[in-house]
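You will see two complexes here that share chain A, one where it goes with chain B and one where it goes with chain C.
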Partner chain A sequence: MNTLLGSFRKNRNLWITLIALLIVFVLAIRGLTDQEAVGGERYKNVVITILRGFSTGSIIFLVASGFSIIFGLMNVLNMAHGALFMIGAYVGWTVAVRPDTAVDAFTPIALLTGGFMLVPIWDRLLDKREWLSRSAHIWPWLGLILTLVVLVFTLPKYPITSWDVGSYEISPVNFAFAASQGILEVPEAEQFVGISPAIGLGGIILGGILAGITVAGFVINRRPATAGASEAEPFPWNSLIYCLALIALGLLVHFFNTSISNYLLSLDTTWLFILAILVAVLTGAALGILIETTMIRRLYETHFYVLMLTLGVNAIIIEIVRTIWGAPEFTMHRPSIFAGVGDGCPAESFAAMMEYKCATIRVLGGRVRTYNELFIPVLGIVVLIAVWILLQRTRLGMIVRAGVQDSEMVEALGINVQRVFTTVFALGVGLAALGGVIGAPSTGLTTTLGDSLLINMLVALSIGGLTSFPGAAAGGLIVGLLQQFIIKYGQIGINIPFMEEPFKPTPPLVPAMTVLLMVIILLVMPQGLFGRKE
Partner chain B sequence: MEKSLPSPTTQNPFSAFIKNNRGVLITILCLLLLPFALALVDGQPISSVLANDPGQSKFYQGLAIEIFILAIFALSYDLLFGITGLLSFGHAMFFGVGAYLTGIMLKSFGWGILPILCLVFVAGVIMALLFSVVLPRVKGITFALVTLGLAQVFYIVIQSRELADYAGAEIGLQGVTPPDFLNPISQRLRVYYLGLVVLFLVYFFYKRFVDSPTGHVCVAIRENEDRATMLGFNTFYFKLVALIISAITAALAGAMHGLFSPIIRPGIASSHYTIAALLMVLMGGIGTLDGALIGAATFRLLSFWLEKWFGGASQVIIGLVYILLVLFLPYGIVGTWRSRQLQIKQGWSNLISRFTGKRESV
Partner chain C sequence: MDNNILLKVEDIHTFIGQFHILQGVSVEVPKGTIVALLGRNGAGKTTTLKSILGLTPPTRGQVVFDGKQIQGLRSYDIATMGIGFVPEHRAIFRDLSVLENLRIAERQKGDLEKKEDFIFSLFPDLKRLIKLPGTNLSGGQQQMLAVARALVPENKLLLIDEPSEGLAPVIIEQMMEAIRQLSAETTVLLVEQNFTVASQLAQDYIIIEEGHSVKSGVMADLVNDPETIHRYLEAA
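So, the complex of A and B:
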């Protein structure tokens, strides 16, 4: 009892805010209960709205958690996080709806990455070479031009069977529509045209290797003359192994392209969906590593410029997505275990849902969509627990928590903070991509997806506390619940005393209320609900 | 280039003003002559420029007016962010309020220009006060997020169906007819000169403000707010002054936009527009008022030509410019010029001496 009182005194503002939020929540629930209905059906609307709030909140949390860990550890406000979330959604859609395109695109990407993996080896071999250092300021640029020439001539020639944004018959919108009807049809695979396959593949590998040499050249030039790749370190053989493995994998996929595509197409959509999640998360993590190592690493000291930089990355990603997938909105089908509508549906019980793979389940007389309102929240909780364990129980988590407190001190203790930064950035972006692919079937895919989510996420994090992991979860949940309650009230109206008509909140009020809540909470507690005090 | 030190007895304020602002005054002179110079290049008689006949000159006047408006907007952002150090992501709201108020008052209520301008001023002050509610409590990135949120609400509200009669929902506000003496089509030359005058009035006012004691305190707040507080300044009031001036200026730019452009799109109130202002300031050089002008001109011309050459891909290139700018030219055009002035002069004289064989001393 004493400790409780003490905690209350210490965090008075927090407790008062939480109690006020709870009172608002209870009032909102009271308003939604249907007084005329009997028994459990009275709470039909409440349950559905809360589940929807959990669903929205889970997506926000998935993105916000990565963002907040990155911000806490590296002080990088990654404004491209929303765009990377969107990339996750679009890549996941591609794997789920057009697996053949994903297989086609794998080969050039693997070949390029394989060549790129050789950077540490070139770094070791070319550093401190007399004949190179004389032209040190020229040859990386020559390498860059050569790389571009090779890639411009070979990369567009590689046959990727894809869609055409311009013509309706083979537009993403049409493929998405067909997939939602349960038809996964793909056009015939294209072949190399006007160039022999050996030259095409060899050119891409060469381009990757040249890009690696170029990057190594720039790295060597930027390094101070006294420091160098230490001779004591073992020769980076493992990067050579990665390179060969990636190139072999890429070539293997190229030669068995058709059979792999056909196998994927014959798979059940649930397996394809799991594959889509995996590919999207890996793509996100790889993009994170790329952005971190090439751009953000150079600007750690100047936080404002990192912000600007990520804004630029955001604009580029949105434009690339618009070029590849087109501006019109399209949908992603749900995996088959959440899409059944035939007999036995809507399911009466949980067991029946599993048996008939129903799209909806009957709860208290109302229909609940199994994917949107059950699967997404469950996944959100699973990720919450997984990241919590990662942060609390592993060595990496320990370093991250220490780094959030004081990253200079961690560096002074002899820990390679650079590598931890890269890992955490990849993890955060991977989580965002996971959110994207999970959210895609419920939200649909548009090029404005990233922006609207970014705003929601920033509001959620401001409410919960910018660098706090529990804050990300609480903020996401509060924003999600608030939004869904207002949408529900928009349908049924609020009975305000002394007014004839019930007041119906209009759609613009949804973001307005979340922002209002954010402003109020920040006025009471400038560091957010669970943020650290300055 | 030798500078004779002016002796205090012979210096009068007017000649000192001209001496200190030589570059700006030359720019103003060039801009004054620009419509006629363009007409001469295009082979158009001067009389047709005065009569506002269509042609290359008239087209580029329109582009220049857009640059003037953007430059005022960028100046106001530079005062807030570059001078006072308040990072705001909601600056486009001020611009949007100015533009939409002007449009709605002209179209739906038929007000005159002067009352509208007064209203826009008042609205700017009110908006600044709204932002300032959170000013004493939150700092740095949280302030940016709060302003982003507030501006986002405004952006959504002006697009809502309920206001469609006034603000035109997603399409934007169309059919605003500015008064005859300011019609951007029939009186473009006059609008051009008016825009030029307003721009440089704002510019000189800002220069004076930054040189004033208040402006110095604003710079001190940017450099180290705790120290400014310790010196005995109530930093809140100084930040509020900077915010109000900046808001009024941005609203004024918005009002000019509302008068000039045929459609007032909701995009001008979105966060992208704030980011565009940020890009302009960054291009020109943060905290150097000249930089805002140069940045606005560079940004508008760059996006104009990029759109002409690359069409839809221009956004990618602008994003790339953003990244390259941050990585390689973080102080912007003016900032880099100022820090490297001596080196650049040395480089030029070296280059010239290679051709002439003479070595000039700098």
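So, the complex of A and C:
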């Protein structure tokens, strides 16, 4: 009792805010309770709205947690986080709906990345070479031009059976619709035209290697003259192994392309969905590594430039997505274990839901969608626990928590902080991509997906406290619940005394109320609910 | 080169932003000794330590540690070669427990187990506090933890920045005793404002003024040289 009282005195504002939020929450629940119904059915709307709030909150949390850890550790406000969330959704959709295209695209990406993996080796071999350093400011640019020529010549020739944004018959919109109806027919695979496969594949590999040499050149040029770093470390043989493995894998996929595609197309949608999650998360992590190592790393000291840079990356990613997948909105079907209708559905019990793989389950007389309102919140909780364990129980987590406070001291202990930064950035972007692919079947895919999520996420983090991990979870949940309650009240209306008609909040009020809540909380607690007072 | 010299800093220049902080600092630390880096506030003592570690890399001059040139290497590589750093202001990790503060300094699994008897014999308090978060420790305990953290891996050299700053006299006594004991195993380069503390601990001294190393020698001589003390060390 004493400790409770002490905690109340110490965190008075926090307690008052939490109690106020609780009162608003209780009032909102009372408003949704159906007084005429009997028994548990009175709370039908309440339960469904809360579950929806958890669902929205989970997606916001997945993105916000990565964003806040990155900001806490590196002081980088990654404005591209929303766009990377969107990439997760689009890549996941591609794997789930058009696995043949994903297989086609894998080979050129693997070959390019494979060649690119050699950067540390070129760095070691070309550094401090007399005959190169005389032309040090020219040859990387020559390398860049040569890379572009080779890639422009070969890369577009690689046959990728995709879609045509311009014609409805073979547009993503149509494929998405067909997939949701279970009548998807993918086009015939394409072949190399006007170029021999050997030259095409070899050219892409060459392009990747040239790109690696170019990057190594720029890296060497930027290095201060006094540095004699590389001799201290063992020769980077493992990058050669990665390179060869990736190229071998890319070629293997190329030669067995048709059988792999056919196998994937014959898979159940649940398995494809799991594969989509894996591919989306790995793509996100890989993009995170690319963005961190090639761009953000050079600008850590200048926070404003990082902000501008990530905003630019955000815009570029949105345009790339528009070019590849097109601007029109389309849907992603749910995996089969959450899509069952008919026999035994809506499920009456949890066991029946598992047995019939129902899309909906009956709770207190209402229907709850199993994917949106059960699976997503459960996954959110699983990720919450997993990240919590990672932060509190592993050495990486310990280094991250220490680095949030003083990354210079962590480095002085003999820890490669740069590598930790890259790892954390990859993890954070991977989490965002996970949010994207998980959210896609519930929200659909649009090119504005990232922007709206970015706003929600920033609001949630401001409410919860910018660099606090529990704050990211609490903020996401509060924003999710608030939005879903307002949407629900928009349907049934609020009875306000002396007003004849019930007041129905319109959809534009949803973001407005979210921001209003943030403003109120920040007025009382400028650091957010769980932020640290500096 | 003299085999007995563990660290040799030769005429280093360091910029922080546009400010030319170090304009020619030379330091020699013989093996097995405590060398005190003296000078007024803002003379460049802390920057010298950070330049050795590569946290603020020197743009000119050279740093030789254990026979190898280390200037220009990355900080974590320099630290891994066997240099421990105890920063000023008791910079422990406040969100980490005492145990985690020690664990994070491990370079190999089991480093702490090898050294814990020695560490806890120097600072018995820490053993009792092992589970507490760093933020709950008193100032003296935090300083002990900061020193203990640098003792976890096998370090040949410790850079200790202002260990007595802001501590009560009793605690300073305890800290001095600990530094004396640990110097039996490790060489120490010590930055210290408190001349009494520095003169009792160190065998040699180096005085830095306005980014230049201006005078060095044996501590016993400096103690009997009030003129030098007045000129370089007493508040202007």
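Criterion: the second predicted complex is superposed on the first by the 531 of 534 C-alpha atoms of A that agree within 3 Å, B and C clash if a C-alpha of one lies under 4 Å from a C-alpha of the other, contacts with A are read in each partner's own complex, and residues count from 1 in each chain.
Note that contacts are C-beta pairs under 8 Å (C-beta built on N, C-alpha and C of every residue); 3 or more make two chains touch, one makes a residue touch a chain.
Worth saying up front: this structure is predicted, and the values here are computed from it rather than measured.
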item: Chain B versus chain C as contact partner of A:R42, first or second or both or neither; value: neither
item: Touching partner for A:K157 - first (chain B), second (chain C), both, neither; value: neither
item: Partner chain(s) touched by A:Q405 [first = chain B, second = chain C, both, neither]; value: second
item: Partner chain(s) touched by A:G414 [first = chain B, second = chain C, both, neither]; value: second
item: First, second, both or neither for A:R297, with chain B first and chain C second; value: neither
item: Chain B or chain C, by number of chain A residues touched; value: B
item: Which superposed partner A:S462 touches (first chain B, second chain C, both, neither); value: first
item: Which superposed partner A:L77 touches (first chain B, second chain C, both, neither); value: first
item: Chain B to chain A touching residues, read off their complex; value: 87, 133-134, 137-139, 141-142, 145-146, 148-150, 152-153, 156-157, 159-162, 271, 275, 278, 282, 312-313, 315-316, 318-323, 326-327, 330
item: Residues of chain C touching chain A in the complex; value: 53, 55, 57-59, 69, 71-77, 79-80, 85, 87, 91, 93-96, 100, 103-105, 107, 149, 153
item: Sites on chain A touched by chain C in the complex; value: 224, 226-229, 232, 395, 398-399, 401-402, 404-406, 408-418
item: Residues of chain A that touch chain B when the two form their complex; value: 77, 295, 298-299, 302, 304-305, 308-309, 311-316, 318-320, 322-323, 451, 455, 458-459, 461-462, 466, 506-508, 511-512, 514-516, 518-519, 522-523, 526
